[in-house]
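I'd like to ask some things about the structure below.
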Amino acid sequence: MRIRIAHETVYRYDTPATRAIQILRLTPRNHDGQYVVRWRVEVSEDCRVEPREDSFGNLTHTFTVDGPISELSVRVAGEIETQDTHGIVRGTREKFPASFYLRQTDLTTPDKAIADWANEISDGGRRGALDTLHAMQSHIYSNFKFDVEATAPSTTAQQAFANQHGVCQDYAHIFCSAARYLKIPARYVGGYFLRGDGVVHTESGHAWTEAFLPDLGWIAFDPANGICATEAHVRVATGLDYLGAAPVRGTRYGGLGEAMDVKVSVDQASRQSQQ
Amino acid sequence: MLSRTASNLYWLSRYVERAECLARILDATYRLSALPQGYGSETNEWDSAIATAGSVISFKENYKEANERTVTEWLAFSPENPASIRNCLEIARTNARSVRTALTGEMWDAINSAWHELHRYDPKRITREEFTRFLNFVMETSVRFDGTSFRTMLRNDAYWFSRLGFLVERADATARILDVKYHVLLPREAQVGGPLDYFQWASILRSVSARTSYHWVYRDSVKPWLVADLLILNRQMPRSLASCYENINRYLDDLAQFYGRQGQAQRLARATASRLENGRMEDIFQSGLHEFITQFLIDNNRVGNAIGDQYLI
Amino acid sequence: MSSRTPSFFDEMRAPDGSVRPAYQQLAHWLDTVPKDVLDYRRKEAEFIFRRIGITFAVYGDAASTERLIPFDIIPRILNRGEWQKLSRGLEQRVKALNAYLHDAYNKREILRAGIVPEELIFGNPVFRPEMNGQQVPHNIYVMIAGIDVVRVDPDNFYVLEDNARVPSGVSYMLENREIMLRLFPELFIDHPVAPVENYADDLLATLKSVAPLTSSGDPTVVLMTPGIYNSAYYEHSFLADKLGCELVEGRDMFVKGDMLYMRTTEGPKRVDVIYRRVDDDFIDPLVFRPDSMLGVPGLMSVYQAGNVTLANAVGTGIADDKAVYSYMPDIIKFYLGEEPILKNVETYRCREPDQLKYVLENIDKLVVKEVHGSGGYGMLIGPAADKKTIEAFAAKVKAAPDGFIAQPTLALSTCPTFVEEGIAPRHVDLRPFVLTGRDKVRIVPGGLTRVALSKGSLVVNSSQGGGTKDTWVLDR
């Protein structure tokens, strides 16, 4: 499937900012089942955009902009050719052995509630790992309430689990937290998802997870959709948690009254070109 | 030099000077309020003190009435008042700690021991006599700090920023005193030389510690237009606006030369200085003392901001 | 082990009461000097320390945010032979730490060789993935190390702890010497004491030697502090002063196009080397803790581009925690092919079930420490604790054995110390500072001697009521 993506973030300031710096993790890479046909990163202000590879193998772009900045827009866009691999992720750039992904972070550290839940689902370790992961995925999908208002980027797995509310990011944190607790390497994935319901325009990207099983390798689980990743998923960045795979980490100096406007559109290339 | 270091040095001096000015205002107010009824003016001296310190609005948010107790508490000790003497000295020491390496040992010692001393005064239990000692301590701290910087600092940008802070603050304080009291300096046929205003004029001189200087300069009894002349145009008088600006100009020139470039701060300071240099008291009275002072406060503020923009951020 | 021997090694006197050679003159002087003179000088020292503002903050102590570390006026003395052996051992140890860090963040041959378990690196919370494969200039990670050593007998130094992140205390080493020279000039006539005042020059030379390859001409070195509320702020300003470099906070710097600049009164100025006294977690909110106000956004990008050197490097914590400590003898052998010169205290790793069992059975005789704890917090001294404390701690260990190690209580040596009751022996340790540059390793003869001021106490940390002494290495 050919997927066309455009993702634009516009920042506006009531009083101009004097300086801004951002690190973008917004560029997908090739792997089995995903081919980047074309991709562009555009920053509205004059600046040098430094490409780099981060410690997880993600492509990053770093830029600094001198003020005064009243408006700054960052836009990425391109086309990706995808194929269904039944959730199995191969041919990615790996910089650590899988066991590295057993590390918990501040956002994923499990509490007793998550540990109990993980133990229950794995039946105290008697259930097979693949089965357990599928069960975790369906449990989150069926029982958690999708709620944009309930959480923020700094919400931890513990908080989200206690709430049983959240967004895809929280689901991914809970999934990673429990999987790692069960000694299954797991990681956070940020990317885009072509929705099945025909909705093309949204206000954010998507997040899911990958877990590692010795005989299968990395397998992508998407608890927010209750499915393993399909050809509708475009994988952009991975990390131990949201912070490691965040699409944008940046800051500005000065500049009061920031308003941020995010527009994401994910569509089938053919369908869009017919319109 | 780091901009923050320059900023800390500048504000360190400003806050020490501010503490001293507040102490002098309080001292003069105490004297004036101690006079028997009829010698002072019809206005409440404690209100004037608050106005001179520039904190009328925040004072009114905290107190109903300006009197000895409330004004003393507010200007000297109140933690709520960001510019109380106590807070000025606290901020001064915090600034000093951040630029410990840019100060000489003697300067640090002056500020640090003052800070330790400050904590020995308990505002809740302070007597009038102790309070007089407290005011003296604050004035001495300023003199000591100023003296150690003058005697021990290298003559480089660190020294100049420190001087600039002190001078901009000093000019501001003198102008504020004039701003609040300008009406008693206006030549008025009826009351000139009357007992009512005499003590007001003396009080103005006291609040800038210029009683003796006045007599040395004018060899005359206290006359309102001479008081105004002394504090505005007389370059011999270190607290006069003219003297402050003569020196602000000088140190800004030193900086410009040292760094090999000049900017808005130098331009604005020169303009203000030449207005004072060429000013004549008659003209100032004619076109309005109040207007003149108000404009000066605005100009001085602009110079302060320009120094900030050019060097301190 | 000497954990059960009741007597301790006294650095001044042999068991028969005779005075050891290095202490001959000092012992004589202590016998003759009147107590009130010592008392008076001690007060003078305290007065000077307070005046110059040499203080430290105790976290969680709201009453006084600035406190003096008690200074003991009786110096601790080492002779040349003792020092030479010690400094060879220190150099060896720090070389191994650097080799380990380079390997852990690159090829990880030590894992392949099976010397340390994988969790020791990947499972360590202070392992920084961001440093994986990252080149640091000249492969030096730890430019400034503080190695805590103790003596238990005439021949052996034991390493108690390696400090490879932001070791502090060197200002006390320097100030203590200054005070001693001022208060007791007569003692320096009789004792050929090796100077320490060149430390700042050595440090500056070390820092300049590791400047990025892209910096041109004389590199600009700065010292980065979290600010005046940090417990070691005095030291930061003291060192910046001695180094003649700017004392910067995160907000004084900014990143532009992969270069780091500081804001000065003359406009932006490029920074080449940061001697940073800010923990990894806080140095760049775009990479580490996003809520940090102490760092510089984008600093890690500059670092990764090779345009600034951080001293110490990011991620050195994996080399100095108490879990890796127990592997240090093997690490030294693996990278250097040498036998360790300095001994390691026997260490039980609670992560290993049979060792955990031993620890729990003998917990009343052991010192149990949190792997990631420091400053004397989060530890149990078995022989000194009551039953309730021991039981509570044992439960903590059982719940998370990976987080603990245990060691026999060590018979720390004692030194004569001037306390309330007069001159009496008190337990001491020593933190020498090891500087590693591109050109060479520099160790100033001496270090910071910390002394436990209460009788019988083995905890020398300043945060727990310890004091300091001047440390003399005699040039004979």
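A, B and C label the chains in the order they appear, each numbered from 1.
Here is the rule we use: a residue touches a chain if its C-beta (ideal position, glycine included) is under 8 Å from a C-beta of that chain, and two chains touch if they have at least 3 such contacts.
Because the structure is predicted, anything quoted here is derived from the model rather than measured.
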| item | value |
| --- | --- |
| Contact graph of the chains (line, ring, star, complete, other) | line |
| Which of B-C and A-C has more C-beta contact pairs | A-C |
| Farthest chain relative to subunit B (centres taken as mean CA coordinates) | A |
| Chain centroid nearest the full-protein CA centroid | C |
| Inter-centroid spacing, subunit B versus subunit A (mean Cα positions, whole Å) | 59 |
| Mean-CA-position distance for subunit C and subunit A (Å) | 41 |
| Where subunit B and subunit C are represented by their mean Cα positions, the distance between them in whole Å | 48 |
| Residue ranges of subunit B in contact with subunit C within the complex | 1-6, 94, 97-98, 100-101, 105, 108-109, 112-113, 157, 161, 255, 259, 311-313 |
| Residues of subunit C touching subunit A in the complex | 118, 122-123, 125, 127, 129-134, 254-258, 285-287, 290-291, 297-298, 301, 304-305 |
| Residue numbers on subunit A that touch subunit C, as the complex places them | 19, 21, 23, 47-48, 50, 52, 54-56, 62, 64, 66, 95-97, 99-100, 102-103, 154, 240, 243-244, 249-251, 253 |
| List of subunit C residues in touch with subunit B within their complex | 51-53, 227-228, 233-234, 237, 240-241, 246-249, 251-252, 262-266 |
